[in-house]
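So, here come the structures, one by one.
Paired with subunit B in one complex and with subunit C in the other, subunit A is shared by the two complexes that follow.
Coming up: the complex of A and B.
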């Protein structure tokens, strides 16, 4: 009588292992239906363009004559349109030793709080 | 092979064998139906609820885009399973909550039209689960969850109220959900919403020792007070020295929060009100 050949049992065992690992993966996926703030979300939420716009305006603001008026306007517009608190102070160049203008910028929109010591070219 | 041993099978009955096997199969099916099926249903209900929690956060993001990112219109398709999604606009029936922002004496309100005791009614988008007795509500820019069988509620996503300590500014964003008619949906639907008009914007200076008072009034049944209480008093990033007192008033379904300006400059209280119209569900 032919002996039972069990050389291929490992295929069945591997099948078991794989199906059990699927089971555990399914449990893990099930846990992730509601997620919190992810890194990708934080990157998207960062108001990069708003801050760039702001630095652009400040750069222009260093050259205008009535800068205090512009300053308060920018603060009001940022709050009204972009829902962000903005405050900045400009330090004009101390020529001839230093030809750069500096600005201390504070930006906060409730999610991102950003402070920058901006230097002109 | 050995021939002279043979098993005696005179007591073996095919019918009894069949009955035994068939009985085991029936008992097996019975047990699964009795215990397994309700478990599966429960699983389905909690999955529906979880999906709706996520959906409400997606809708909250839509409102955030309308309010804070100057996007004019938003549309989201979603599946509402195991319950219904209803718009309760700010002018309908009994609101689940109202907010007053007054000066401490209560003689002046910081909300339009600045008459004492002016109430802001936020309106809400509410998912009511029929099977699990859970309500998930998108109100005033926050997502809050409440179970019918227990008292208490929890905030799944917070509103964007914030305090900036550098400039001593307190920003309160109020969101007013409106609709032209009463709408509810079950199954697959598309929620369309848009911003109405220009947002209301007001900035008031609060000099140093002065106080403001936020009064949260809740409905006796639709009670999300625990979630809002925790948010306003604990999670909101107001410095500890600005918090004066929290006065719960359960008989009138109110919680009062007193805050004072403890900074060296005038505190600016910024109140913005956005009106979001739900065009369809």
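Coming up: the complex of A and C.
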């Protein structure tokens, strides 16, 4: 390496450093879309409306006397039309000590399993 | 023959830098798979939300002594009433012309004698030809009705599942 001028080696080093930082930034950008997609998919997958709707109808069920008929309707129709296992047990208010109704809700559509201990307002 | 090796370091550096740039460019290009509205079903989710909200609004009674509109539509098999209210809620927009959402609705009920399930059409605004990109929204409705051939006296409250396929044409 005779007569090779290596005064500017640090410039080359800086060049390498900058290239590597670009490289890692590119990896981060590359992965960010994957992260976004996974999150979006799990948000879409979660049966938010189904479960909300179910708690709505259970709330109603805590006010009617013949709740077993409605309960069986929901179990059978949910399995048939939505491929979801829905079970719930309603505990009516123990008045006058406690005016709240309670319901243990189980929901499983094969992808999402959800259990809730629901309390009326 | 003059053998000069002075430039070898620069050549190696050049190759290394070139590889890094190519790798970076590859990563950047492969990362720009931008998810457009059609890809991520954002428009589907939007439509689904409109439908869910509409059914929710229709199933909300004005007070605790009155049954909801949706429950009454199911009880009376009032398809025209359902159609009018549903299209009103979904298609009306502020400061622009009406949207063009179409739907077909049915409800599913259970016969508790033989535990069978059956679906009945409720209403539709346009026939489904099969080419539509439809989303399904559902709503549990309590209706005081002898559904699916049940024969109760007095009539009991029953849970039916209202299903609406909706799409834009």
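To be clear about the criterion, the second predicted complex is superposed on the first by the 84 of 121 C-alpha atoms of A that agree within 3 Å, B and C clash if a C-alpha of one lies under 4 Å from a C-alpha of the other, contacts with A are read in each partner's own complex, and residues count from 1 in each chain.
In this section, contacts are C-beta pairs under 8 Å (C-beta built on N, C-alpha and C of every residue); 3 or more make two chains touch, one makes a residue touch a chain.
Source: prediction; values computed, not measured.
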Checklist entry - Is A:81 contacted by the first partner subunit B, the second partner subunit C, both or neither? => result both
Next on the checklist: Which partner chains sit in contact with A:20 here, subunit B, subunit C, both or neither? Use first/second/both/neither.
Outcome noted: second
Next on the checklist: Under the stated touch criterion, which partner chain does A:109 make contact with: subunit B (first), subunit C (second), both, or neither?
Outcome noted: first
Checklist entry - Which partner, subunit B or subunit C, touches the larger number of subunit A residues? => result C
Checklist entry - Does the superposition put A:56 against subunit B (first), subunit C (second), both, or neither? => result second
Item to check | Set of subunit A residues, in rising order, touched by both subunit B and subunit C | outcome: 33, 80-82
Checklist entry - Okay, in this complex, where on subunit A does subunit B touch? => result 33-34, 79-83, 85, 87, 106, 108-111, 113, 115
Next on the checklist: Under the stated contact criterion, what part of subunit C meets subunit A in this complex?
Outcome noted: 5-6, 9, 13, 16-17, 20-21, 23-24, 27-28, 30-31, 33-35, 40-41, 45, 48, 52, 59, 108-110, 112, 115, 117, 119, 137-142, 156-161, 163
Next on the checklist: Quick check: in the complex, which residue numbers of subunit A touch subunit C?
Outcome noted: 1, 3-4, 12, 15-16, 19-20, 22-23, 26-27, 29-30, 32-33, 36-37, 40, 44, 49-50, 53-54, 56-57, 60-61, 64, 66, 69-70, 72-74, 76-78, 80-82
Next on the checklist: Under the stated contact criterion, what part of subunit B meets subunit A in this complex?
Outcome noted: 47, 50-51, 53-54, 57, 67-68, 70, 156, 160-162, 164, 166-167, 169, 171, 173, 199, 201, 203, 270, 272
